[in-house]
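Here chain A shows up in two complexes: once beside chain B, once beside chain C.
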Partner chain A sequence: MADISQSRSSGRFVYMSGVVLLCAWVLVPLYFLLINTLSSPEAVNAFPKSFIPEFDLGSLTFFANFAGMLSALKNSIFVAAITMILSIVLGAPAGYALSRFEFRGKETFRFLILLTRAFPLPLLALPLAVMFIRTGIDDTIFGLALIHTTLALPFSVLITFSLFSGIPIELEEAAWTLGCTRLTAFTKVILPLVLPGITASAIFAFVISWNEVFAAAVLTIENRTLTAFLLQNLDTSPLHLKFAGGFILVVPALVFIFAVRKYLFAMWGIANR
Partner chain B sequence: MAEIEIKNIAKSFGNYQALHNINLTIHDQEFMVLLGASGCGKSTLLRIIAGLETATSGEVWIGGRRIDHLSPKDRGIAMVFQNYAVFPHLTVFENIGFGLRMQKLPNAEVERRVHRTAELMHIEQLLKRYSGELSGGQRQRVAVARALAMEPDVILMDEPLSNLDALLRMEMRAELKGVLAESKTTAIYVTHDQVEAMSMADRISVMHQGRIAQNSSPVEVYRNPSEKFVAGFIGNPPMNFLPATEVSKGQWSVAGCQFSGPEAHSGAIDFAIRPEDLSPADTGIAAIAKVVEPLGAHLLVTCDVEGHLFRAVLDSDLALRAGDTIHLAPQQDRIRWFDQNTTQAICLS
Partner chain C sequence: MNVKKVTGAVSALALALGATAATADVLFWSTQAKPVEEAQAMREQVLAGAGGIDYQPNDGGPWLTRLNAELQAGSGSIGVLGALHGDFSAMDPADLVDLDGLGASASATFNNLAMLGTDSMQYIPWMQASYIMAASKEALPYLPEGADIDALTYDQLIEWAGNIKTATGEAKFGFPAGPKGLKHRFFQGYLYPSYTDGVVRTFASDSAVTAWEKMRELWAVTNPASTNFSFLQEQLLSGDAWIAFDHTSRLAGAFNERPDDFVAFPAPAGPTGRGFMPVIAGVAIPRTAPDMDAAKALVQHMLKPETQIATLRATNFFPVVDVALPGDLPPAVQAAGNAVAKMSGSADANPGLLPAGLGSLGGEFSQLYTETFERIVLGGQDIRMVLDEHKVRLQAIMNDSGAPCWAPDAASDGPCPVE
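The block that comes next holds the complex of A and B.
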């Protein structure tokens, strides 16, 4: 008896340390980022560190007042939002078609989708820049969103493909026999089932765009997104401003994903059903 | 009143003809079973009746109303699917009430009907659960309850029990039959399991390669198969066949024995007998036992009769070993005859 309970408690110990370790892996860097963001420049450079933030809003205030900061933030949000909408509007129907219909060249089509990720962006950047200038969409939010959509689209097609494939056609058919039209069957049965997944894939597209820096730096000059803007300016900034800049970049993505965590879990829930 | 009439229904998928000119009438409140091997077109026919598939030609009438141009929801049918198709995002209660809510029935009526059908299917205690929290058998009950709650004229079931394990299947079989008889609904039930068909059906339609081979009561299908395919398909082990040669008018020689059979038949014919209609005797068809399988109540003996496979189900007390020769006497009134060319049964008038 004692043996069993001992081995059980030691197993529990290993499990708990695993959990603590993983949490620390994610949380400690974030915490330091937070502390250093909320510290005065002297405290940032000091050693040893204090674990309690000073709530010095100097660095953040600096950014808030930094010329171009707000418009870069606005650009980032717009680009990410357009990317999100485009990749769902284009990606979800493609995913549905791939899952529900048989057509010639289906396999080739799926392969081509993956192939779009085979070429490194730096290779494409120059010809793209030239093309954008010719068509007059260089240095625009929309032009950049197009590039980001290209990056996000393969993921949204493949995610929605697996979502729709996971929903048996019989569910739709059962709904039809129970009094639904094609439209109401879609809204009452299919949509509630795919919505969590679609939301998750939309957020994924948003985050891809939010984090993307190379195309943003190459293809925009006036209308920089936050990443490109910070990259350009932080290089030459003091350490405390680098921390604050990093904080500004990380937090929105975190908050956004935290807000929709329910949907992300639900998506895995469907996959496990 | 919900009599179903299927008139000249045919269906092609591209070049492949899945159904050939099907004609079938299912009477009001009848329990009709469509029985056939996998791929013979049972589901296709059922889905045409449900409106999930469009026939290439032909008509479907329910209760004197032509319905083949209507969408599924306007046909007065409810369907139970093989994989249950219970909506995973709704509770059991909302699943059963789904069709009633679509009809915009008042809340109290929805509740009354959901509770009544849930009680009927013994799932009242599951009403708050989601399909992910149910076993296969429970999901099947929800699917049936959902169909019954609609109080449809016709209930269509496509192999509803085939995903359950054997014991549960037997239990559900009896229960389903009772519930459907009580609900006074006309039912079409698709299965490839002949035991299921025999035990549940008022009438069986045996399907073969997109045609209806025979359409009659379970006993009739078993005793008087209309063609060789049915005789071989129904019954486990299936019917035995031996070639017959005419000796004199109405007298036929089968493996060295004489039997009285059809008079004046042109062309070659087969003698047929069910394995359980044979008994050991001093004279009779001489058979060499190849495999002897004791099955508890019976002895299944696989024999060789002049190079033809021949099975007998005998009393388990019989001492018999592989290699022994045994004489088997058929029960005279159970002998059947089939035309070798047309494979149709030959009636003795």
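The block that comes next holds the complex of A and C.
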């Protein structure tokens, strides 16, 4: 009896320490980012590090006065939003088709989707930029969003494909027998079930677009995204500005993920808690 | 109400609202002044008086890709290019507008380099810098007896760093061997000239073997984390390095933040003198510039004495035209200026030039020196064997590019021979 409770409590200990470790894995770097963002340059270079921020706003004030930050932030959000919408609108039907229909060239199609990630962007950027300049979509938010959509599509197709595959076709067939058309069966039965997964792939698309630097740096000039505007200048900047810049780059993405977490967690049946 | 204030408020508002309307600003597409503080200073202090300029600093990759895309497409938005001599020399001179008559630097050598092998100026020298040494004042008590910090030799430097290692148990010499570090310039402009009085001709000579043996000795007293160091100002500030070699602008942060804690001094000397090398950045105009007159006006603006001094304050790069420097310059500029002056004025000075004429093979050339360092010093391979193997590749690079020798190598007819 004692043995069982002992092994239970040690199992619980392992479980808890696993949870703590995983949380720390994510939270500790973010916390250090925050502390160093709110520290004076001297404190950032000092060692050992303090665990309490000293609320020195010098680094953040610098970026607040940095010309073009706000419009870059706005561009980033627009590009990421368009990327998100396009990759869902194009990716989800492709995922549905792959999981529900047999058609010629299906395997080739799946392979081709993966191939879009096989070529590094620095290789593609030159011909793309030439084409963009010639067609007039150079330096536009929409043009850049098209590129980011291409990068995000494989993920959204593959994620939605496995989502749809996980839902028995019998559910849809039952809906048809009860008077649903193909479309209403999809919207009333399937869509609510896959929504969390679609949210997850939307977040993926958002983050891919948010983090992409090379294409953004080459294809936009006046309408730069935040990463293109800031990230390539940060690696050569002093440490305290690196932290503050990193913080500024991370926060909007975190806020976005936090805002949509409801849909994400619905997948595990713990929505609205 | 002050008119300036109103326009300032209006432009701030326009910025906040995200003025995305296409403006006729001249796009200044640069690889220099990239750190956010420098970019900010370029926009607010250097370019503010020049009218609508959009200053955009970039990494080398996007910089070149975008430029090539505009050249291929035959139209573009880049007005003026700002880059290092090496970036321009890798380009086809036909893609750059001839800039004769727009101004020149005070140095005939620089002006000659800027022609990129043609008969007219392909870029205009814009600013210059060099590589120097810096040390934390904590390191000074360990200087070898009788050593003058302004006239160190490589042996004294090794002894100095060795003293610190013995006393503190930690190797405190910092070397920019990180992924973005400028280590290849140390070999090309400092170690080789100081030991072999050459860079290419003497690549595999017996004196080069001595040079690499010294490099190994130096590495033994170098902070082993140096393979991660790319901007030594960080390690000087954090105390991971007490003595450091780096580009003046990559040491500036330390001097500006804690001016009383650090000293700057010339690079050390070897048997064949005190080798050192300049860094030149230039401005050029691509043939696809949308508004050629505005671009030329910007190039001329960059060479005005007051702009040159503003650039010095913003970037820690020194003027290329004759100007009287004001007395109130930032600590980093004063420290670096003095060190460079002592270095070039020293009796045993052995100034080298930037690699020239290599064209697109410039990257490969530098890579070769980096690989030599990695194999000999980090990998511990036999020096003679590595040099003999790399000698063949170096000769191939020289032959393919047709580059003649540059100082301190003796001049050559045709491609520089590796002896």
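Here is the rule we go by: the second predicted complex is superposed on the first by the 224 of 273 C-alpha atoms of A that agree within 3 Å, B and C clash if a C-alpha of one lies under 4 Å from a C-alpha of the other, contacts with A are read in each partner's own complex, and residues count from 1 in each chain.
Everything below uses one rule, namely that a contact is a pair of C-beta atoms (placed from the backbone, for glycine too) under 8 Å apart; a residue touches a chain by one contact, two chains touch by 3 or more.
None of these values were measured; they are calculated from a predicted model.
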*Can A:Arg104 be said to touch chain B (first), chain C (second), both, or neither?*
neither
*Examine A:Pro41 and indicate which partner it touches, taking first as chain B and second as chain C; both and neither are also allowed.*
second
_With both structures fitted on chain A, tell me whether chain B or chain C touches more of chain A's residues._
C
*What is the contact status of A:Pro238 with respect to chain B (first) and chain C (second): first, second, both, or neither?*
second
_I'd like to know which partner A:Phe62 touches here: chain B for first, chain C for second, both or neither._
second
*Between chain B (first) and chain C (second), which does A:Pro192 come into contact with in this model arrangement: first, second, both, or neither?*
first
_Residue numbers of chain B touching chain A in their complex, please._
50-52, 71-73, 77-79, 81, 83, 85, 87-89, 98-99, 102-103, 132, 146, 150
*Spell out the part of chain A that touches chain C in their complex, as residue ranges.*
41-42, 45, 47, 62-63, 65-68, 70-71, 74-75, 122, 125-126, 129-130, 132-134, 139, 213-214, 217-218, 221-224, 228, 230, 232-239, 241, 245
*Residues of chain A touching chain B in the complex*: 168, 170-171, 173-181, 184, 189, 192-193, 269-270, 273
*Sites on chain C touched by chain A in the complex*: 15-16, 18-20, 22-23, 27, 34-37, 39-40, 43-44, 54, 56-59, 61-62, 65-66, 68-70, 72-73, 75-77, 180, 231, 233-234, 237-239, 253, 257
